[in-house]
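Listed below are the structures to be examined.
First subunit A sits with subunit B, and in the next complex the same chain sits with subunit C.
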Partner chain A sequence: MSNRQIEVNRTGSGAPERERERERVSGRWSYRPRVDVYDVNDELLVLADVPGAHPEKIDVQFDDGVLRIHAHVEPRQPAETAFIDHEYGIGDFDREIEIGDIIDPDKVDAEMKHGVLRITLPKSAAAKPRRIPVKQKK
Partner chain B sequence: MRRRTLFESSPLGTLRREVDRLFHRFMPPASTGEMLRHPLEHIGCSWLHAYPPTNVWEDNGTLYLEAELPGMREDEIDVTISGHELVLKGTPKPEEMPEGATPLIRERDVPSFSRVIHLPVEIDQAKITATLENGILTLTMPKTESARSRQIKVRPVAGAV
Partner chain C sequence: MNLIPWRRRRHDSEARKRSELAAPLHEFRSELDRLFEDFFRDPWSVTEPSAMSRLTATPAIDLSENDKTITIRAEVPGMDPDDIDVNVSGNILTITGENREEKESHEENYYHVERRHGSFRRSIELPESADLDKIEAEQRNGVLTIHVAKQPTATSKQISVKGAKGEKAEVAAGPH
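So, the complex of A and B:
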């Protein structure tokens, strides 16, 4: 989280240049995927847009209350491609989401579908909602 | 930078998150640590930018176009071409959510769209292919014979020194 560097990178070689930003996470430049996080009763559900990433090139870690997503994206154009229109950059995705110590780290599960990473994080027993039965006093 | 957790459930925590969210939306990325992929987003104007953003490139025989459409399925995307105009249309179905899901962070957006793209060269329309893989739509558009740039060999004039 510390040492995060942002730069404006000029893309395009020949095409009208457009500005974009990316950030350096642990020494590497990468993009920040958009995420949704939902609280679903006994678990948290994280959806992350990682278009272009192959399922086997995705690394999901949960450690010390932090969910880390790294998705490697292979270039899809030959190097030195002269784009006619260049509206977005292509590269790896990285994101850290502070969840807290409410998750059972052994039960975190992730799957990829249509370029969206879907991570389920079951809550630990202590964090699950509990219904307290109300007893009728006789 | 202060570490934030998802579960700051006090009303002040909620307010703080909301203010943060607004700052992230309206402040330039450099001041917030936010990284945005499209140029106008940092001033809250992503709607000014044509959606979906596309990359277009070519080689001698083919024009290529790709767009990132995470979460969309084949049957939700419609590609038509007439003359030099390519139309990309998308009508995503709402994402299936488990019952009782409460949003804590919402950044993803899968809007319906219709975008017209002007093609710079003549395309052999019968040979266009469209694929969708891992959220990337790729159109492969072979150029017509006359649109291909031809390489002309320069030969020495016979008898010249």
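So, the complex of A and C:
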């Protein structure tokens, strides 16, 4: 018999999200944040879920066409905490996204809001959409 | 991850949408299977906005307690605190929310979508010891923390077990 005092509803309309994808990186667990990549006119927009990361503990680098995100996450509970239910792991987030040379590396910008890292990567002049005027033949 | 080939996958999302309406549970299962397959084949593989991301999500939580407080934590990245509701009905605590950000403006021009877009819901049955009038919730950096106070009378107490008189006599008589 379990000594649980709290029953957790696992039904709902879907099972709880499974353990996040993670890997062992130099002696610690590194989690892979979920990302969205959008093409918004003159820029690429990357959104990455990094819940629990403090904005000052996030490192974003763009190097040789690759966007690298590292977000440090502090433990949320004291080490001696008695967990009744512990459905997800907590640790740093790491992800690399290959972007290529279509953006201008000097203009990459990042900000955090509600645990989501928002990175804007303005396209280089050559990659911007251009309207080609159609000339009428006289 | 290469940006360009992702675009090819876009056309079959309509078919997926239709079959999802017809058989949501089946769709959910096969979606899960597909995600697993994709992940084990290539963890960096491409995903499209999937049926899963449109269903009501069930956020993972962790639950801990000490003598005075029960603490519930859920990761809700991207949620505005105003869009999260924490309700108690009877002794059931329910967290619901809807993620509104970015949805309308960018959906048509995605390269890659993994994040949750839509609503989530999770219910937790609180123990009798919970003081339902003393529940506090706060959200910080995408983590929702709910503290539920325990009633002071509910701290553990020793309960002595009395045996019936007849049993006692029997035990006492045993060794002789």
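Criterion: the second predicted complex is superposed on the first by the 112 of 138 C-alpha atoms of A that agree within 3 Å, B and C clash if a C-alpha of one lies under 4 Å from a C-alpha of the other, contacts with A are read in each partner's own complex, and residues count from 1 in each chain.
The rule we apply is simple: a residue touches a chain if its C-beta (ideal position, glycine included) is under 8 Å from a C-beta of that chain, and two chains touch if they have at least 3 such contacts.
All values derive from a computational prediction rather than experimental measurement.
Undergrad: If we overlay the two complexes on their shared chain A, which of subunit B and subunit C does A:84 touch? Say first, second, both or neither.
TA: both
Undergrad: Quick check for you: in the superposed arrangement, does A:65 touch first (subunit B), second (subunit C), both or neither?
TA: It touches subunit B, and subunit C stays clear.
Undergrad: Using the superposition on chain A described above, determine whether A:54 touches subunit B (first), subunit C (second), both, or neither.
TA: Touch partners of A:54: subunit B and subunit C.
Undergrad: Looking at the overlay, does A:31 come into contact with subunit B only (first), subunit C only (second), both, or neither?
TA: first
Undergrad: Taking the two structures together, which residues of subunit A meet both subunit B and subunit C?
TA: 6, 21, 32, 34-40, 44-45, 47, 49-55, 76-77, 81-88, 97-100, 102, 112, 114-116
Undergrad: What residues on subunit B touch subunit A, complex-wise?
TA: Residues 1, 3-7, 29-30, 33-39, 42, 49-50, 53-58, 63-64, 66, 68-73, 95, 97-98, 100-109, 120, 132, 134-136, 138 of subunit B touch subunit A in their complex.
Undergrad: Can you tell me which positions in subunit A touch subunit B when the two form their complex?
TA: Within the complex, subunit A touches subunit B at residues 1-2, 4, 6, 18-23, 31-32, 34-41, 44-45, 47, 49-55, 65, 76-77, 81-90, 97-100, 102, 112, 114-116.
Undergrad: Flag every residue of subunit A that touches subunit C in the complex, lowest number first.
TA: Going through subunit A, the ones touching subunit C are 5-10, 12-17, 21, 32, 34-40, 44-45, 47, 49-55, 76-77, 81-88, 96-100, 102, 112-116.
Undergrad: Residues of subunit C touching subunit A in their complex?
TA: 1-3, 28, 39, 43, 52, 55-66, 70-71, 73, 75-81, 92, 101-102, 105-106, 109-116, 121-127, 129, 139, 141-143, 145
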